[in-house]
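What follows is a set of notes on a single structure, which appears directly below.
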Amino acid sequence: MSPKGLEQLLRQIQQGRVTVPQALHRLRSMPFEDLGFASLDHHRSLRQGFPEVVLCEGKTIKQVIAITRSLIKKRDSFLATRAEPATARAIRRLDRRARYYADARVVAVTLRSQKQQGHILVVTAGTADIPVAEEARVTAEVMGSHVERLYDVGVAGLHRLLGKKDRLFKAKVVIVVAGMDGVLPSVVGGLVDCPVIAVPTSRGYGASFGGLAALLTMLNSCAAGVGVMNIDNGFGAGFLAHRINLIGLKG
Amino acid sequence: MSPKGLEQLLRQIQQGRVTVPQALHRLRSMPFEDLGFASLDHHRSLRQGFPEVVLCEGKTIKQVIAITRSLIKKRDSFLATRAEPATARAIRRLDRRARYYADARVVAVTLRSQKQQGHILVVTAGTADIPVAEEARVTAEVMGSHVERLYDVGVAGLHRLLGKKDRLFKAKVVIVVAGMDGVLPSVVGGLVDCPVIAVPTSRGYGASFGGLAALLTMLNSCAAGVGVMNIDNGFGAGFLAHRINLIGLKG
Amino acid sequence: MSPKGLEQLLRQIQQGRVTVPQALHRLRSMPFEDLGFASLDHHRSLRQGFPEVVLCEGKTIKQVIAITRSLIKKRDSFLATRAEPATARAIRRLDRRARYYADARVVAVTLRSQKQQGHILVVTAGTADIPVAEEARVTAEVMGSHVERLYDVGVAGLHRLLGKKDRLFKAKVVIVVAGMDGVLPSVVGGLVDCPVIAVPTSRGYGASFGGLAALLTMLNSCAAGVGVMNIDNGFGAGFLAHRINLIGLKG
Amino acid sequence: MSPKGLEQLLRQIQQGRVTVPQALHRLRSMPFEDLGFASLDHHRSLRQGFPEVVLCEGKTIKQVIAITRSLIKKRDSFLATRAEPATARAIRRLDRRARYYADARVVAVTLRSQKQQGHILVVTAGTADIPVAEEARVTAEVMGSHVERLYDVGVAGLHRLLGKKDRLFKAKVVIVVAGMDGVLPSVVGGLVDCPVIAVPTSRGYGASFGGLAALLTMLNSCAAGVGVMNIDNGFGAGFLAHRINLIGLKG
Amino acid sequence: MSPKGLEQLLRQIQQGRVTVPQALHRLRSMPFEDLGFASLDHHRSLRQGFPEVVLCEGKTIKQVIAITRSLIKKRDSFLATRAEPATARAIRRLDRRARYYADARVVAVTLRSQKQQGHILVVTAGTADIPVAEEARVTAEVMGSHVERLYDVGVAGLHRLLGKKDRLFKAKVVIVVAGMDGVLPSVVGGLVDCPVIAVPTSRGYGASFGGLAALLTMLNSCAAGVGVMNIDNGFGAGFLAHRINLIGLKG
Amino acid sequence: MSPKGLEQLLRQIQQGRVTVPQALHRLRSMPFEDLGFASLDHHRSLRQGFPEVVLCEGKTIKQVIAITRSLIKKRDSFLATRAEPATARAIRRLDRRARYYADARVVAVTLRSQKQQGHILVVTAGTADIPVAEEARVTAEVMGSHVERLYDVGVAGLHRLLGKKDRLFKAKVVIVVAGMDGVLPSVVGGLVDCPVIAVPTSRGYGASFGGLAALLTMLNSCAAGVGVMNIDNGFGAGFLAHRINLIGLKG
Amino acid sequence: MSPKGLEQLLRQIQQGRVTVPQALHRLRSMPFEDLGFASLDHHRSLRQGFPEVVLCEGKTIKQVIAITRSLIKKRDSFLATRAEPATARAIRRLDRRARYYADARVVAVTLRSQKQQGHILVVTAGTADIPVAEEARVTAEVMGSHVERLYDVGVAGLHRLLGKKDRLFKAKVVIVVAGMDGVLPSVVGGLVDCPVIAVPTSRGYGASFGGLAALLTMLNSCAAGVGVMNIDNGFGAGFLAHRINLIGLKG
Amino acid sequence: MSPKGLEQLLRQIQQGRVTVPQALHRLRSMPFEDLGFASLDHHRSLRQGFPEVVLCEGKTIKQVIAITRSLIKKRDSFLATRAEPATARAIRRLDRRARYYADARVVAVTLRSQKQQGHILVVTAGTADIPVAEEARVTAEVMGSHVERLYDVGVAGLHRLLGKKDRLFKAKVVIVVAGMDGVLPSVVGGLVDCPVIAVPTSRGYGASFGGLAALLTMLNSCAAGVGVMNIDNGFGAGFLAHRINLIGLKG
């Protein structure tokens, strides 16, 4: 039953053409989702301030474009992750506002007037962790957060990290991206007092098992206050960091 | 909003005390679950013919009894699984109709007038698989299915199974319970033409890894038409077999 | 011993040319399979209404064609799964009735007069799960089941699923195909009261471990009545769903 | 070099008894930690508002008491987790303000004057997940957060969760605790727009592998914005939730 | 159909009371196992020279006794493995000939007149591997093989093994039992030219993962000619070694 | 010390130019390997009747040729496994007697006069298991065993296997090669009374985990007397089967 | 052939009672181990300065005592690891010099005159890692190394470690013992320039999987120069550290 | 605060322009890293005698060159590992002194005047392990150690190893590189009395699981004194061996 149908039913009651028991019966069997969930969904997008995000991996370019076409036109902002250059070019043909962040493999449309607020810090252990970190950064920025970067400060040279502790202390949320032994989030978590989001990367070899070693390190972190994301899930980290950052903005 | 509240609202429209736009607004923000899901839930129990089942494992006896008290009184049938003897005794103190099936670790109240219909066959590879098989059997019987048993017919002595192929061919659904190498469902699945539900058991040692070996064997079964349950999940197998058996009864 | 040989032996007894003990001795050592299993096998294909299915993966095109040649000619229907386009073309050169379902990677010959009966619903969580779902759909359809589709209704937008609950409630069997977290079968299983077949897909990244995460989710489903297939095993799901669907048709 | 030693050195410069180059040399080789990190550490406890927490598991009662003795006296608040009743009694003998939360296995001293602020919601799928949820709740409360509970709303009866969506929407942070298939955080994450902390529990059997299945489900969650904790790590979840909740309070 | 029934049918043909087509029809539907497999089974026990073996683990004493009662009386030899002392005592109450090998956890009745033939050598890496080795030894001896022992010759002191190479070279089959790193079968396999059966044991700690490390070492052995058994499966090793040893005896 | 050196030393004793204590001292520190192990090695190749085998996988063509050059010239027989066509061509350029078995990926030189003796049967579950089975067959044949084949008799059509049980009963050793669920060795092991060598193959998909599922099935086989090889290790199976077959020939 | 036998042979050559070719033949077939390896073994114990060590775990007290009796009497030092109190008491009844280190579960006899040399530092992350660290310490001390301790300096409070960097810099070898996330060896390895031996402990819960997480962290350590031991293998770490420490002493 | 800033502060105290309490306050909040860690870092590179090493894997050529440019110019020695030929060529364009070791995939600049000291022995089980062994060798040589090689001495032909035991006994540290079953380090560890560094390689197939089998073998080694590196980590082994070798040189 569409909202129009509902309105019609109510008018029929008003006009005495449908009795209350008849209306009750029809309302009770009414598919709730047309009424309730559509509004719920609307409510969600209003509050979240961001539409569905397109994960390009595992989809053909054709499928990505079909989904994008319906999303990108009616929105001021848009995000597609894990986009290969060819996919990115296809999206840009749809909408020239779209920008491709090659390192992050992200295509995004950002509302020009949007002011980036709060303070998220993205930290990486090594150079090879940067693509995942960039996916996190672009995601959070497109959604409206202010993001800073502190890359290549792994514990093999602990002084590189300790020398930047001021920057760590200023952030509202810290995302720590690390592969191989995945040790950095434990060390950062022992220094800061804000929420830490740990992202293991698949970087490494041998017994790193595609990021499993780093993942387990982070899940078992001795430092409390560390939430862990899936391996290489930069998008998820950026998204969660943005949500946490928002709390500070909303008070 | 309760059904009463809804009726009241509709009457107010009828009486002109609430305008249609006002009513629309109130209906749209109405918690759908009070209206929609309560009836949905009701509908489900009507169709399923069976209330919630209590899994005793991981709950204290006190918790089990608290949950059971509210369920067992208003129903004609009841099921609690993984019940140790002490838990069973406590449930029986609540309701004398309850019967404890010690092998199956199940406590059940069965509607006396219920006729057991259809035809489920429960097969085990070995003697040690019987507790899981019995959990499946009692579950399906309490729900109203007719269940037969064919135990200890593993492939180490293939003639034991082949000698009973008539019984295999008569069933509407076959549940096959096996530990160690978990081979039996593949062999049964190669013989029958009805749905086969495979249940790995944790029986075995060494590289059986608590039932993992049998589980993987069953998931990779060369015989098509085999659906797999969690390790030792006799209840789930009995429940699914009953649902499949029901289809034949309802036509 | 062929049926002819058996008949000859019986006639020799009748004619007094072989004594009963002699005949007993010869019968006891008679290879049972020539007698018993050949008919058993015949019986199976009669009841199942479908010949052996060819899994193309792991076979050379030459091997597939050799197997197909002997199967496809004498049958009204035929099924080959995991067929790459080149394999499909080779099969179609053998028999022009064969049709290639590219999404499903299935080649099939369907009996024209066959009426599709019953009601199977195939549900997917995401777009990337569609190839596995299509393998299930084509399999069940070629075997004679009526199949409907409900794709891309994952729980990240729960209203998409809830808005279609009527379609869920109408099915006799539901196949739920999902990758990544594999959550959808638990949610569907909590809504419907018919058998649910869960198929994990290898879609995902990082700690999805090629579908292992989704597989474990489904095996541990809190919703009872869910049977699980191997990762990406659309064929098996379609086959099992068809067998369950058949029960309803046969009564 | 202690602060006193540093003061002495500075006075010697002032008094001309040590030249600047001599002082520079001594300062450069001065153990920085006595100067820098002691204050850093002090700074951290000031900002975090909470001293070190004692994990009792894996320690003897004697060890726990030795550590506790030095912590509990000089603080207004205190927390010991995974405490068996005997450990709890021993701590209470040290300080009568300590209270034992048996469900949560936590011993805590809470500052009386402390006002609980913000809004954390702790949700569980089942009854057996409650101990882990309670560890999270007590942890966050002792640290100063306002915590509410919504227990036993797993997806096997989806309406139980949907019927409480108002409570979900009001929270600043949601902790979702679930064992077996670990599905609930994905469903909650698809409904709310605040940060979600997912905690897998070791509850389940067979292929739940002591919580591994639930852990993988949560790491692969289709719903963005979900940070995952180690299996059964209620303390970590409460701690992280409190830190996130604090951001909203500090603005 | 029993052999008696078959004889009766043949006589009825002979006497003209049943026609050949009638008999053919009855024979074709005759359960083949009564005819074919019973004799097959008989044939197997004749050739194997040993009846079914009882695995006590996972069975109650009551179940073990019920199975044993029917086996032990009509045979000259008997074997029950993984028998705890209480089970052993119960079996000995049934039949005083039964002997309990406590190290091997085996209960056996051995035909007195049986001559032990051939030559099997059982080797262990350490003292803690002896129970598994003894299970293998008793199994093979009870079945009729001559077995020698060479225990505690692990590669940590390679000279212990090399000093006994004459004994290695004399065996027809070598069983090598090792836990921890499971290295010994590779070394033995590089020295001898007879079949080697490798048995990993669950002895070890940490990353031995209950015998998994030793199992993998043996499966990947650089020395060709090594067949691997399940972890702790002494019985299987003794059984296979006996079968191989038999080949030499039968020519 | 070379044999010549030893002879010289002994002559010096004989001639009184070296005292016995002096000789003892020199002999005790003599590198045993020059004396003892060289002959041991010689002894081994004499008894084994076959020189070192070249595993081509993981070596460059250049490395393979360097190793082969020194082996192939001085021998009547030669074996190289896992050889790609290019490697095979390079070996054949060295020695025209070499033959490439493309299915088995084996290059071999077989002594013409060699008579193939004994009786090994190689069985496969499916068509895709044939390459591994052929590696086993060629290995055993080149070493001098008589080998027969029984391919594509998996349990999905159990009658195919049972119809050939005569061939199973005639073999001295049976090699069973199977992927996916790896069920066939258990079924064959329940039928025959000779040693069974089980070889899992990496054929399968999803939860077959590259042959791990089949490997675990075989290690946990309910049928006693089954020795297991590494995944896809056809060479090892052929080698072990030949060694077992030899025992029967040598008596 | 014993040394006496060899001497006799040489005398026979000297006396002309045995020809050189006869002697050569007998020497060539002489079991090398009596000659070569016995001396080798002797050589090893001379150089290593320590006899065989008894691992008590997995052995009965009776077995431990039987092995100990022959070792402890003829030596000045002795070591038994993983000894429960009852085992320790039994060993002390054999030899009153034996001392039980309860924390380390080690029984040792140490040569009184032995001077402890060099400098090994044993570091632990937490209190619960101490038993493993103590096993390492006692092992290295009994063998003759000077060992210092630095316990409970995990990275959750990084200043505790950094405040002791002088002690880290003084050591010749550092053993780092850590459970849970196993992060400490990476941090220590990034600070020091001597060899680091990392020992994961089984301490932790959930996804620590009995020390697997810590083990993987250490194997993947970003800090070069870290060698890893098995989980909980304090003895192995102490032994290896002692060997490295010795190099410095021997020059 | 830079060293200059510190000097200025001290002069201000000297001149009476800053009081001691003021200076104390400023020093306490002084970023320690500018003072402490910079010198620490300097100290480390002085003692270690070797700058940061570049791991090329997982970095683009552009990134490698950017990092290399700043390192290679100001140093006498340089090391880049896992360098593909194209990367090597790009580095050599930067600095003609750089040499590419193709087997080891290492690019290195070695100080000409450097004398290679001590004695490291690198041993491999097979030909396919050589690349990892060469990475270890080149690493240790570039750092200044004298390294010898003993390749292809796996235990399948144990005499090859035993025949070289003199070379084993001469080394100060032995690196043992092995794939497949990873048995060699246990055997070498049972022979020598110096530290052994074990490196598993990813060479093998099937259940070698990319080196996991060899890794577990080595971690569980029965021979004490074996430290284990990550799979294929030749660099780490060479680095650790060099550090151990250094101890002997420094006394």
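A few comments on the model shown:
Each chain gets a letter, A, B, C, D, E, F, G and H, in the order it is written, and its residues are counted from 1.
The rule is simple: contacts are C-beta pairs under 8 Å (C-beta built on N, C-alpha and C of every residue); 3 or more make two chains touch, one makes a residue touch a chain.
Small disclaimer: the values here were computed from a predicted structure and weren't measured.
The chains that touch both subunit B and subunit F are C, E.
In a homomeric contact, the two copies may use the same or different surfaces; for subunit B and subunit D, under half of the interface residue numbers are shared, pointing to different surfaces. Subunit A and subunit H have Cα centroids lying 39 Å from one another. Taking each chain's centre as the average of its CA atoms, subunit A and subunit G sit 51 Å apart.
Separation between the centroids of subunit C and subunit G, computed from CA atoms only, is 59 Å. Multi-chain contact residues, meaning those touching two or more other chains, occur in subunit B at positions 32, 37, 40, 126, 157-158, 165, 191, 206-208, 212, 215, 219-221, 224, 230-231. The full set of touching chain pairs reads A-B, A-C, A-D, A-G, A-H, B-C, B-D, B-E, B-F, C-D, C-E, C-F, D-G, D-H, E-F, E-G, E-H, F-G, F-H, G-H. Residues 31-34, 37-38, 40-41, 52, 57-59, 63, 67, 200, 202, 210-212, 215, 230-233 of subunit B are the ones touching subunit D in the complex. Note for the complex: subunit D touches subunit H at residues 3, 6-7, 10-11, 13-14, 16, 20, 23-24, 27-30, 32-33, 35-37, 39.
Residues of subunit C that touch subunit D in their complex: 125-126, 154-158, 180-183, 186-187, 189-191, 204, 206-209, 212-214, 216-224.
Subunit H contributes residues 40, 44, 47-48, 53, 165, 172-173, 191, 193-195, 197, 215, 219-221, 224-231, 235-236, 239-240, 243-245, 247-248, 250-251 to its touches with subunit G in the complex.
Taken together, the subunit F residues at the contact with subunit C in this complex read 126-128, 157-159, 162-163, 165-166, 179, 203, 205-208.
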